[in-house]
């Protein structure tokens, strides 16, 4: 569905490569494939003969790099980042990778996640005379590491042990690339190979994009170091049960990515199948809200033996320069991204599959659109449980007041959005669809649907939503 | 699939509106929904108090109009056009609507189709002292009409009777909008209403986009006149069997459009079903090549009771500013628009549905990509018959030398693209999927697959492929 | 001074080159040097193997061609144009050169001037079925020529004999370049050589820009033809006294150009000297309003033995993207293009030289600015007679109602602009400054200052101000 | 003359305003008037309710701010900077003002000058754990201040006492604006008033631009503090003889600025007069190389009673998008920014005044150009002494190896550039032209012409040329 409408947003994607002649270009393509994880800004830092230089800018990857000559970004090691910016930190200075220059070396950081105790740490650092140029959490880790002395696995581990939350961190120092995942493994982070080179990325779709092969997941609490001696693994925290973010599967990640060894499209299709079992309905056809709900809709159709149809079309040419229709035109009936397919839904009882409902406004608009296009009944089926609670781990969500699931019963939601019937997938159904093998210490974080937080906030301050 | 790769291109979309306060804006949204019909240029002409002004530019609709203030295009009547430019006429002057200013009135033309005798007519006109500013067929009609005197239904009919080929023409003169369809009805053209206003468009998706309701098809050989006296219909040629272009259904039109009362997605799904009946195969799953083959793939899966899966992903963020990977990077494995979903196809026997094969290069690349991603078998099924002949009616196709279907047997094609098996839909199967009611004088033009031309070229010159 | 403020605007510059490998590039530089003659649009047409292609766009020469690859404009013959657009014809279609394509040849036109009988001719042509794509005078000549048959010296001469007004025309047909000047020679047009190639341009500064050498003026009523047989001269009209536009010397042309063998800077300096003789004043220093009045100010200072000082500075970085200060800020004292030099004028009796006064608003603002910067007296001296009448020969001027000189005595003007004293150069003084040798059939057109028109309008319609 | 050709570049301009509703907009216009001091980047930081926000970008002031809405930069206090970037630090991060955010307050810095001991200080700070995001000197002062505790006059004074070199510093903290000038007063910095508001700027032309009135110079070693209590002055270093940079007068500053109470144009005219006395020559006319040598040329002409003529024209439309002529075209004679005026110099003995010669390449090109345009003799007169030594105070100059004056006698220089005769102004002549009253502790820094450094470098490291 539409990120900007929906109100759930991934807060970044990271990409690193070590040992490839085309490091910056491959990073460009890698970031490009993760564009859905952050559309507000992008950057690449390269290391050449231990000297770090970079380019970053607000905007989409294409726009940011359209006038950059990759020859000016030569070097065999590169770090990249795409960023979703929360309201509070839209400036270019917050676009990553953050780059720090010292007289003897350079250091760059790229981060996906949220540090819950960032404010407390920052207060402490500022008291000691540290100067911050950004309002981003990411910078806190840089100061923590630098205060400990030279950057190496020990100082990085010390610094990581002081931060709390969910994070996937890439750190480039001179000619060494580090990658670290939080102890609960909430955010995704994988290692791949392309020829002799190493690649690290938030999603495996970046590997497919550049022709790299998936090697393995980075483990919770693991710190990876890649330099001329190859890849070395350190554990900076005891390893618990992995609890990967369920929303990555439900909505955020690309269907061709494998997260923690589970393909996203396949998991969504299973969500659809589970949903069909849990909440069947007598109807003529099944449709999905493009793009993220298509897989679940196909699963629902397959399980229910109903035809899957293309009942809603998404306009592929709506981009940044699209002139949004005015309120007046929208009321006249001018559509934005989604159009109903009258020839399909007219006179039909429609099951409309969506991956989730956040505020309900978009759902209500789509149901209305389908009815105006002639659907005789619209049965809404949601391929995940209601969202009821905030995320402290790096997903930008609507506030609790805005969350329709936090403030209404399921029946009420159905009435608000004008559905003829409504049902959500159960928590158990979602977990079944995602976790293949529950015996091997695997789980999912469904905190935003259950209120059960794998890393609990200690106080009000730690509940502040910040950005990657 | 990818227009720029495939080698089949729609050669334009037209849009007209009469009697709406927001005429130019609605034209913008209408053109936007028909962006797939022409991506090289776009323009809008408005009529205000009988004065015609316009704006046109090379580029996508969004880019063309991003800095235009619609207040500068006020007027209740508007004409719009999106254009695909063949190599020979890429200049801005060829972007439509063509606008002609005389001291007493203005005239604008928008055209989708191809006039087979344009060169002959032009020779004649130039001999009489006519000056042409474009290399486009469209301008010929303007001179023909003007030579006949004032623009009205009589002079337009006379002019139309002199041209030969396939066309959908919109003509705006002072405050009157005319619309005409060729006598065989090869190109699509429909009428809709929005409030009191009239709308005319190449595809009905434009009506859904702006909240208009479909009224009826314009009939073959019909000339429509819309002015303050309402809509009047004239017949400028005897009406024969309608033979709408089959490629509009197979590949070119948007799935949510209804062409000649037949929904495109639904027809494609039927193509898939016919194909499953004609050419079944023992396999694990069915995938479609995005975007145009998805409907057929769903139909095939439904008919064959095999799961439909998302085995190929199309990157949504590839736009004009995307930096195309160099040959070197492509050989290293960097993907462009399409990526395989390893988690889905690995170890599986895959049925890959495509709508058509033109040169075969893309198909070969996709088959290779799927195999590299681990597919154990790739069975190619094409939801239309082989393309063997050129189109003289306004579709830009590869030359006969390039057409893989014109120069190879089906078995050879299978070998060339590396498929484990291959089959095409039969001509009868395609017709069945498209034509709902054969008793009411309806047919389809499948000339590019059969060599049977509904409007036969008289000589070599009329076989020249020109542009709308 | 500031064209956009002043209200006098040159209406175009033309440039042609025949027989140079770098024809398009040299045309770019030639147009660039004549940017002051037209800032609304620019274009280049090249002829290669008799095929004409071109590129034109709204905007400054730099902006128009910044993304053009000159390799795409190869060919040894080129035609270029810079355009000032009057309110009525701002569209891209009116940007020149106009390019016409026929099946057998191409033709392009570039024009500087104004055809007084354009409307009458157009009416006649339209009645005969001609279609116009522009609202520009220039197109009329194209139709006149084409109606006479093939383009050659005879048909061009016939066509030129039907038009009336002031013009410098460049015509490119296949591989022949024609240049024609109106019978009174009101507009400038010169021939130069660069190596073996021929160059034709509105101003000789274009020759210096590209390293060409001046050859001679094109004579009134002369038609030049350049092709592989070299340069041939024809006379299409009897030759009278040349009456070059005085405003070209006073304000419009570049100081380094020689018009009709007279250097512009030198003539301006002579205007200043004549003015000093005619209207001396007891003061401390002389300043000029940048840029066009500097030469006259230097001449005045030299003649009067007073120091010439830089009392007003023009900001060199004010360009198209400059954010104009709001009315509120201007009232607070924020300057736009011109700033006073307090350190120079404070406490001084200043003679302020300007080349002309059109509406008086700018002059009033400058006088006020100088007084606020501390000037004790400001004596305004204008280096040309008052402008009292409209121009029918291609200069865009304010309307008679707006012309301060048409509606006020010189004393009243001085009061309006707040000068301590004011004087204008006499008509005789201006003629003396421009015409070096009055015995050889030379004169100047000062119609806008005298109301004496060398080519008299026959009726009201011929007094309509149109554009080049 | 042409900064980019000449090889002398001012390294920044600063602007601050306290207490005006239109603070950001006025800063924009102030920076605009100082565009010549830095064309690589620009930025503005505003303080609103003690919160600091800013916008900066690479490019010219116009381009940087063309899409900025000043409503987004509201606040009554603003700081601005234009920057010239040396090769080593071209990144956006180095564009100023530098903005630092802490949890309790914000701080911004803008700097013009060069800190000679920056590297040594930075080494020390990095050892203590400070992280730098830029390679700019300016950031050193920020860390020095912050390490001392809260920002106030005491900590700023302490920090300033640790740095060595030439500097004009503006510091904005919360709602207090500080301004400091180095103890020798090498760089310019003035205070003005606009209504109740205070303004501080590198050049007084910024005051004239916005309608502010000059109040006074900031004194060497003075620290100014402006907040709601008004303006308070502190002395952070003992005050010596002021030695303002001579190159500011000779070439860098705008002619309408007053530096240390001396108008730049007037001083240049005096340089020309002194030069005419010291080095007269029998010739026909005097010309200046635009723009910076015009004043001196006028002075020379006045003193020598020779006519001043416009013998060289600078093309006003050459901007960033100008397509530089290729070497091939330049050899064919295509000019870049400067063109000779053949009609003026042909057959004449010309005295060509230039303000300075750096490498000699431009001078040689201009002399050649004048001779090709027909000048019979070209006598070069330079309105300052030869440049022989590097600048450590913030002027970017060619290296000693490149300086023609450091490696050749005056006679040799004349031969190299092809002049018929050559002379430079004496050191005494230059000082006479600049310093009005030598009795009141005033002098000029002519170190680059004399090798006598008012602030002597202690070691090799302090001779490193860095940027503002």
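We call the chains A, B, C and D, going by the order they appear; numbering starts again at 1 in every chain.
Definition applied: a contact is a pair of C-beta atoms (placed from the backbone, for glycine too) under 8 Å apart; a residue touches a chain by one contact, two chains touch by 3 or more.
This one's a predicted model, so the numbers in the text were calculated from it and none came from an experiment.
Chains that touch both chain A and chain D are absent from this assembly.
The chains that touch chain A as well as chain C are B, D.
Set against the Cα centre of chain C, the chain with the most distant centre is A. Chain A and chain B touch with mostly matching residues; of the residue numbers seen at this interface, over half occur in both copies. Here the CA centre of chain A is 37 Å from the CA centre of chain B.
Between chain B and chain D, the centres computed from C-alpha atoms are 61 Å apart. In this assembly, the C-alpha centroid of chain B lies 48 Å from the C-alpha centroid of chain C.
Within chain B, not a single residue touches two or more of the remaining chains.
Contacts between chains close into a ring here, every chain touching precisely two others. Pairwise, the chains that touch each other are A-B, A-D, B-C, C-D. The touching residues of chain B, when paired with chain A in their complex, are 22, 25-26, 28-29, 32-33, 35-36, 60-63, 65-66, 194-195, 204-205, 208-212, 214, 254-256, 258, 262-266, 269, 291, 294-295, 298, 302, 307-310, 313, 315-319, 321-323, 325, 328-329, 332-335, 339-344, 373. Residues of chain C that touch chain B in their complex: 53-54, 91-93, 98-104, 119, 122-123, 126, 128-135, 142-143, 146-147.
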